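In the two complexes that follow, chain A is the common piece, with chain B as its partner first and chain C second.
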Partner chain A sequence: MTTGAAPVPPTVEAGSLPGVTRSARPTAWLGGLGVGVVVLLAFMPSIVSQADTSILLNFFILLTMSSMWNLLAGYAGMVSIGQQAFVGLGAYTVLVLADGGFNPVAAIPIAALVCAALSVPISLLVFRLRGGYFAIATWVVADAASLVISSIGSLGGGTGKPVPGLSSLSPKSFEQVTYWAALAVVVVAVGMTYALLRSRLGLVLAAVRDNEVGARSAGARVVTARRIVFLVAALGCGAAGALLAVSQLNVQPASVFNVQWSAEMIFVTMIGGIGTIEGPILGSVVFFLLQQNLAHEGAWYLIIFGALAVVIAIWAPRGLWGTATAKLRVQLFPVGYYVGRTRRRDRPGSAPPAPPAPPVASTV
Partner chain B sequence: MSWLNAIIQGILTGGFYALFACGLSLLFGVMGIINLAHGDLAVIAGYVAVLLIPETHVPVVWSFVVVVPIFAVGGYILQRTLLQASLDRDPFTTLLVTFGLSVVAENALLEAFSSNGQSLNIGSLIAHSFNPTTSISLSYFSLTVLGVAVVVLGALQLFLSRSGTGRLIRAVADDKEAAQLVGVNYRHIFGIAAAIAFATVALAGIASGMYTEFAPTSGPANLLFAFESVVIGGIGSLWGTLVGGIVLGVAQQIGAQINPAYQVLAGHIVFLAVLAVRPRGLFGLRTSS
Partner chain C sequence: MAPLLELVHVKKRFGQVTIAEDVSFAVEQGAAVGIVGPNGAGKTTLFGVVSGDVRPDAGDVVFDGRVVNRLDPAARCRLGIGRTYQVPRPFDKMTVFENVLVAAQQGARARGGVSHAHALRALESTRLSDDANRLAGSLGLLQRKRLELARAIATQPRLLLLDEVAGGLTDLEVRELVDVVRAANAQGIAVIWIEHVVRALLATVDRLLCLAGGEVIGDGLPRDVLASPRVRDVYLGTDATAAESVA
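Coming up: the complex of A and B.
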């Protein structure tokens, strides 16, 4: 969200090769808009009520998780239903560190790193299966992690434990500190996703998504790329779980290891638009609007949201964002390349005009 | 002696798991999709039985006679509509759609029936058992379920290898475009496979509903145990699924013998160990990656 400027494309001699740009339109102003939104959000605790601050905080947590799931499934083709493993492990790392006298807020990045480290041995196991079997295997890992944690008495067993260390803060400053921690996590998560997808890794992932065999034969390290994505997703979900522990000041295995986290990540991403960075943001907004309006109707918001996700998956697989912007080609986070357009300012004035662009520019 | 009893109980539990797993295995084998709502289907079957039995005056023990055909028809219809539509996109979409259906079904059941456990009460039939020694008890009901699992798996194997429809299913599983070229309507064949899978999972759901309690949230556990049975036994092997179910059941009962809290965890550990050491399973013919 911090950098929206299109980089200078590789120098191309006019008339020999089509130009390559990051975006169909100049997007430098979006970077400024992104910074403005983040600054505005940073001042929110002083502007809106405590209840609204708490809603925003949960919005940031859900957006962090959904962005990670989007990275896994939308870009690397891995459907995980076990991301709650890292949500729970992140929360419990904060609890362990706080029990040891560590500041819970300072423990958030450590919890994220612990989850990233744990994701490596887990990936060695679950990467042996593909597709649907991979999905359920991650679920088994999450269930096993939950059962192991629940059996440890010093961590509160099955009933969980309160997180110590923040009771000295006044309610107002506690609210602000947790809010800012959540804002920092979500900005880093979305920014990291954006940077990752614009790097060489993003190129490999795009190649794998379009044609895995072709990508392999061109020398792309497909498994390494997947492993990095799995690790980053564990990092982000671990941070989100750590935020849950800090903001709720209580950790309970049945809550942090609940498969509902994965369900929400999946539905948010599907509805907002899988395979776009903007999708989870829009999906999270829709989710919170729906949840706030159906708060008194029990589980109905999940029923409606799930049914909506099913309908969108089948009949509008690009999601709300993808469907809305398919014609406009607007991208807040340009991660692909447009081939076939030469940017005007790169054209030498005296050179013959560039060859006509193909009718449809392809995005990579 | 209690260890021996644990192993025997585990073998008996394996019958339930194999019954749960064969539909999952069949759908994967034929269509290459994983039905993540598989476990919830078993729970729905239990609730359908709870709702229908007072209306139909069928003895509870025979409730499957009513529920299994309903599920077969429902499976065919669901396959021809929603599942086929998602399959026409790609396997990825099918995975997400079945997961969405699973969450919707679970929460809808919670709204309709609350989170309280239910069971299908078959009275004293559940209590009868064969006791060779004082510490070993073989429940006749569990033995029947194990027998049913063997019969269902055997019948499925025979059906796939000998019958005309079974041959069509195998042809479509191998190459649905080629099958279509010689005049097979693969969508209809997919529907038949789904009907069989739904029928077996309904049978499993009712059998387990008679034996233990079930609740709207029982679906994921059913799915995970069925899946573990399939992978331990070896993807693509029907008899492997039976062995996988038994291995899982024995692991869980031995875990429970050590500490009741370790029952499910022991099963997960054995599953992960198989994945680490022998990822194609005990009887798997194809590699999984």
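Coming up: the complex of A and C.
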């Protein structure tokens, strides 16, 4: 720097930087609300009927799965239609462990970890492909897993097998134990999603979503981020599959490896709002409300689901939550950053500061 | 002192088009180098070769004594090569602060409060502090260019590659941008700046490279390079007045 005589602007000193928070508004009450909802749900088996408890349990399973699919597709840009691979593998891990004398409920976290471990070699295979090819590849992997397991006689072959180990429980305590297990899994799944999106990885995912080349040039390890998300999604879907095995006390390849699981995950996420933590929650509620009210209509209920998906995909592509909060910028799970104001030192030679822009909550 | 960046016999062709034909040059620590040349001379491609976006057909890229040919853009960024793109690539749905924070956390591998400080300082040095909470997608051109620069600065680079950051800006805006680049350079960051706005370059760099037809046809003091017959010959077609005004 030898040419020119333009004044060099004063260098920035430390110690005068504004504070950084995670939301423009106080959020402590949201945490309280979350705890309240979970506590209320924990008491539900004593409040509502056995049939309703069972519906809630299936709601938790679907919410766990769709939160994982949302993480994959909505945040990491990986549209998988083969997540049932991990649902099935989770269920069969519980079956194998229970056959070996292990408590099926205690086997749920192990099944989740087994699925996470299996996702590593599977990712080596499917990560070679992108977009639609990736989607098809995941489905192929799920069908291959189903076919391999169906051919193993000791696992019950194509007809499946009952899960032993819980017959000593009374119907009431079986129902409670499986319900609480499902509640625990869904709380961990949503909590993990939230923690992940608030972390540095979450910021990377948001950057990759907005501009992959820009993210790479800012130092983001895009493939590593995708691998972690794929692993977490396998973990969650594995736990959901394990819950299916425990709550139905029976594992059948055609059922646990059914592509219908992925279809439901996609439906719920699209309806609720892809790329938001709240979306799958709202989507799962809508799904179950519709299912309960339309179940007696037979095939019509599937037709109505399909029509609803089409309507939302065309006229409200951000889903119910995304559309409803587009203007309000409400976030139940704040994952962005907010820079507070500081006293501004006068800087000689620089223009007076522009009027402050209105605070805008992030939509990361 | 060993050079910070060295290109050794770099070759790059896209089909029949030669972008770089045996390009070699070195840039010292803390230097400020400008690159000019007609459109299609391979300037941006050369940046791609340095930043890792473009794989050369032959030759080596040496950064800080280390051959980085096989490293991807993220790894090179983490080593200290920050770059901006001619067309800014903001993260539209994130706030300005979050845009820069990613760079501080990933490129500079900073965590927590340190990453916040890196990001806030990058915003302050590019005069974006007042826009910290705005969505990047709502920024105008000048601010997008500044954000692109802020993000590169937040990676705490030792080498900053600027690709036409002054293009499309008014004189006043260009002057402000020059101040920002000079300040970064004054802090010891080496700068290589591709720019058609020659005024901006001359206020900043003490060495000028001219690229044409995949070759370095001029290298030296800006005044000498712009006065050389070969460079003037190339430039008469594109930006004659700029060359004229300094010759």
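Note that in this section the second predicted complex is superposed on the first by the 316 of 364 C-alpha atoms of A that agree within 3 Å, B and C clash if a C-alpha of one lies under 4 Å from a C-alpha of the other, contacts with A are read in each partner's own complex, and residues count from 1 in each chain.
As a convention for this text, contacts are C-beta pairs under 8 Å (C-beta built on N, C-alpha and C of every residue); 3 or more make two chains touch, one makes a residue touch a chain.
In this text the structure is predicted, and so the values were computed from the model without any measurement.
Contacts of A:20 after superposition: chain C is touched, whereas chain B is not reached. When the shared chain is aligned, chain C comes close enough to touch A:203, but chain B does not.
In the superposed pair of complexes, A:259 makes contact with chain B only, with no contact to chain C.
Contacts of A:338 after superposition: chain C is touched, whereas chain B is not reached. Shared-chain residue A:227: touches no atom of chain B or chain C. In the superposed model, A:215 makes contact with chain C only, not with chain B.
Looking at the shared chain after the overlay, A:318 reaches neither chain B nor chain C.
Across the two superposed structures, the residue set of chain A contacted by chain B and also by chain C is empty.
Note for the complex: chain C touches chain A at residues 32, 51, 53, 72-74, 77-78, 82-83, 85, 89-95, 97-99, 101-103, 105-109, 111, 115-117, 120-121, 124-125, 127, 129-136, 151-152, 154-155, 175, 178-180, 182-183, 185-187, 202-206, 222. Taken together, the chain A residues at the contact with chain B in this complex read 73, 77, 79, 81, 124-133, 135-137, 139-141, 143-144, 147-148, 150-151, 259-260, 263, 266-267, 270, 298-300, 302-303, 306-307, 309-310, 313-315, 317.
On the side of chain B, the complex with chain A involves touching residues 28, 32-34, 36, 82, 85-86, 89, 91-93, 95-97, 99-101, 103-104, 107-108, 110-111, 220, 223-224, 227-228, 231, 235, 259, 261-262, 264-265, 268-269, 271-272, 275-276, 279, 288-289. On the chain A side of its complex with chain C, the touching residues are 1-4, 6-9, 11-12, 14, 17-18, 20, 24, 200, 203-204, 206-207, 209-211, 213-222, 336-339, 350, 353-354, 356-357, 359-360, 362-364.
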